[in-house]
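This report refers to the structure that appears directly beneath it.
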Amino acid sequence: MTVSLGKDLVGLEHLSREQITAILDTAEPFKEVSERQIKKVPALRGKTIVNLFFEPSTRTRISFEFAEKRLSADTVNVAASGSSVSKGETLVDTARNLEAMRIDMVVIRHGSSGAAKFLGDRINSNVINAGDGKHEHPTQALLDMLTLRDRFGSIEGLKVCIVGDVLHSRVARSNIWGLTRLGAEVAVCGPATLLPRDVEQLGVTVFPRVEAAIEWADALNVLRLQLERMTSGFIPSLREYNRVFGVTAEKLARAPKDLCILHPGPMNRGVEIDSEVADGPHSVILPQVTNGVAVRMAVLYLLAGGSQDAGSSGSEMS
Amino acid sequence: MTVSLGKDLVGLEHLSREQITAILDTAEPFKEVSERQIKKVPALRGKTIVNLFFEPSTRTRISFEFAEKRLSADTVNVAASGSSVSKGETLVDTARNLEAMRIDMVVIRHGSSGAAKFLGDRINSNVINAGDGKHEHPTQALLDMLTLRDRFGSIEGLKVCIVGDVLHSRVARSNIWGLTRLGAEVAVCGPATLLPRDVEQLGVTVFPRVEAAIEWADALNVLRLQLERMTSGFIPSLREYNRVFGVTAEKLARAPKDLCILHPGPMNRGVEIDSEVADGPHSVILPQVTNGVAVRMAVLYLLAGGSQDAGSSGSEMS
Amino acid sequence: MTVSLGKDLVGLEHLSREQITAILDTAEPFKEVSERQIKKVPALRGKTIVNLFFEPSTRTRISFEFAEKRLSADTVNVAASGSSVSKGETLVDTARNLEAMRIDMVVIRHGSSGAAKFLGDRINSNVINAGDGKHEHPTQALLDMLTLRDRFGSIEGLKVCIVGDVLHSRVARSNIWGLTRLGAEVAVCGPATLLPRDVEQLGVTVFPRVEAAIEWADALNVLRLQLERMTSGFIPSLREYNRVFGVTAEKLARAPKDLCILHPGPMNRGVEIDSEVADGPHSVILPQVTNGVAVRMAVLYLLAGGSQDAGSSGSEMS
């Protein structure tokens, strides 16, 4: 029984439990590739992939780029600065041009929610969302889930609390959809100004105080606090944020059990998370990064395989 | 009978009909490579190519980069920002350094007319002009001609009108030289402020009104209007430009026959071309982009092959 | 008898004569690779390397990148702009993330002295210093020494004078350590404001006047004068600098023998060196660039080989 992801990965909201599980299961053997002396498999040899990043990124771009190269694909990076975009070209014209060059896949990061879907709907190449506005960042949530599965054996029934600026976070949104689909209980915790008004409608519990979240959860996914939230008036000060919502060793010491700690990075040490926690024994922040490459290899591989199974229609474009 | 391109491709002005035809003919089989599942041939394996872009570019740089990668070359990108150039190094020192690193080829885009020839005269590596000031952009004209040949079977006798800012356009100049060399009749049409004063000396007809051009031509090559032309006083307003010189469905409807529409991109929709035309049935704008990869593969291949045929002298440097 | 470089190359200060000689000897056969039609050997196939450049660079970055590609490694470039660094991430977090992605090697250029060692001490991946603040630029000194050895047969007993802004120069520091270790006599010459106060303690002679240096030396290594030294008041004017410390044909004409002239580039022609000298028969400035690729291939190869010899511990991380 083969599970297809369809043509694109724009988010986890509309993926089934089987599709998400298929990605996590496919990532398993790819983990081992990165541990080899020769970190390369020929799966995507001769495929051409564009990493189209309209927002700056190090870790996600590099992670995708190594995932692509370890699958033997040919990759080209396009950053917003120095691109036709600065000449006023529309996203759809950029996309059609890439397709006309017979690009097999586009990995897109864009400041506008919906950009990845917009692109995917207009071109035959596979599109992978590497973060679109405040909407979704599906490969981040997938690597979070793979890391939780590694640690706990299963996502089913797991209690995961997402802590911080849920309002502006595409990581939070993708995690909520993905985790609930796999049967986890999900909660969020953060200042009222940084929680979406209707967040309960996503099926999550709200903890106004991080102490209560710590008492409840098996794992905390600590979000990065964009420092501009302070100047924009969402929070009074970084120090105050750290005091009330920062995940500190002191607060964790009062938990009834050891909590698994995730963070999508880059971290603001001493703000949303203390170094003692980030570098502590229950942190899985670096395993998350390692899993990121494997999960991205899995997504690239499955999307490419999907279009290959699609037969003659696939052979035209990809 | 082998036709050599020489060491460099700096422009079409000094290429013979045989040389241009050789490039177009060589592009034909390369079109098919980009339609394969595995878009890769080993023709330039182990060759090292630098894409030296002193002006921003998305489509041309990506097109060259995929052409290079589909030929299995190793490529390195150098952008003006963040380069030694910002430390005041001269172009010739940059070039000699690249040659000293045993670069096989340099693809250069530069704001100064003549930069590609200047470079080619000073290094043994092959040099390909990807646009030099207002001078030439030969691979763009070659892909335009390949697209016209695809559509009409032959360039000979074809009536092609270049519409817009001919004065500042390296695309126009390369098209005029290439098309006339292959026996086409070439015209230009645009505001008097944006036509070179002595343009008739290039062997082209001038149409002051786009309606007359539409009546005459088999194909229109619609140039991008650099929006800074307006602030510089070359044209009164974008709206006025669109009204008088914009290629619209309304104007085309009065043509005695269907016109083939080309545009080098990126387009200013609603300025020099309307979306209805750009996306219409007679537009070959996306086939142009597809042909761009094939034409660049052909040029890279022929220049590399040329130096390989040159025997022992070629083995020293390339 | 195998000489190991250890895990990292952070500088020449702590390398033995045997280690430096091993790098130069290993570079010899790699010179030939860049002269081949197919400039590629499979030595680092499937290895993943990040070029992490926090300071702009053309020649060093390209030289490393082609060295990596000619060894068949997979490379990713990270520039400071557009990276997580601009989001305030610490260098150690960046490094740990790269390691978590199972990067085999990191080539780092950074504005802070000690950055490469700091990085190397915190990750298991091999680290190569491509210039750290005013500290060291070991591969530049290695290519300088390889070029001197090509010209003179041996470094032992050679008289080399480093001319210019020794105070701010990581190239000078690496050369002083490397050359003295191989038995050369080293001198420095420059304005008192641009010489380190305790420079004699490094075992070098100081020549206050370039004429005396020219009379003494077999080779001059002419440093680039950062033009901002003038505005910062280190020197009165570029013209005055050229008159007193510039290496000119006129001054060289009075030397008792022909001097070999080196420059790390990019050159300020007419400031620290005249074009007649830079392009003259005794200049080895372009052979330096050619040797740069070979030396970097040697360093990459030896560090990778070192970790392979390290056996089971190496197979985990690299």
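To keep things simple, chains are lettered A, B and C as they appear, and every chain counts its residues starting from 1.
Everything that follows uses one rule, which is that contacts are C-beta pairs under 8 Å (C-beta built on N, C-alpha and C of every residue); 3 or more make two chains touch, one makes a residue touch a chain.
These numbers were taken from a predicted model, which means no experiment stands behind them.
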### Query
In terms of residue numbering, is the interface formed by chain A and chain C classified as same (over half shared) or different (under half shared)?
different
### Message
Can you report the angle of the rotation that maps chain B onto chain C, using C-alpha atoms only, to the nearest 5 degrees?
### Response
120
### Message
Averaging over Cα atoms per chain, report the distance between chain A and chain C in Å.
### Response
39
### Multi-chain contact residues (two or more partners), chain B
81
### Summary
Counting only contacts in the complex, chain A reaches chain B at residues 45-48, 50, 74, 76, 78, 81-90, 93-94, 96-104, 308, 315-316, 318
### Touching residues on chain A, where the partner in the complex is chain C
34-40, 56-59, 62-63, 65-66, 69-70, 79, 81, 227, 265-269, 286-290, 292-293
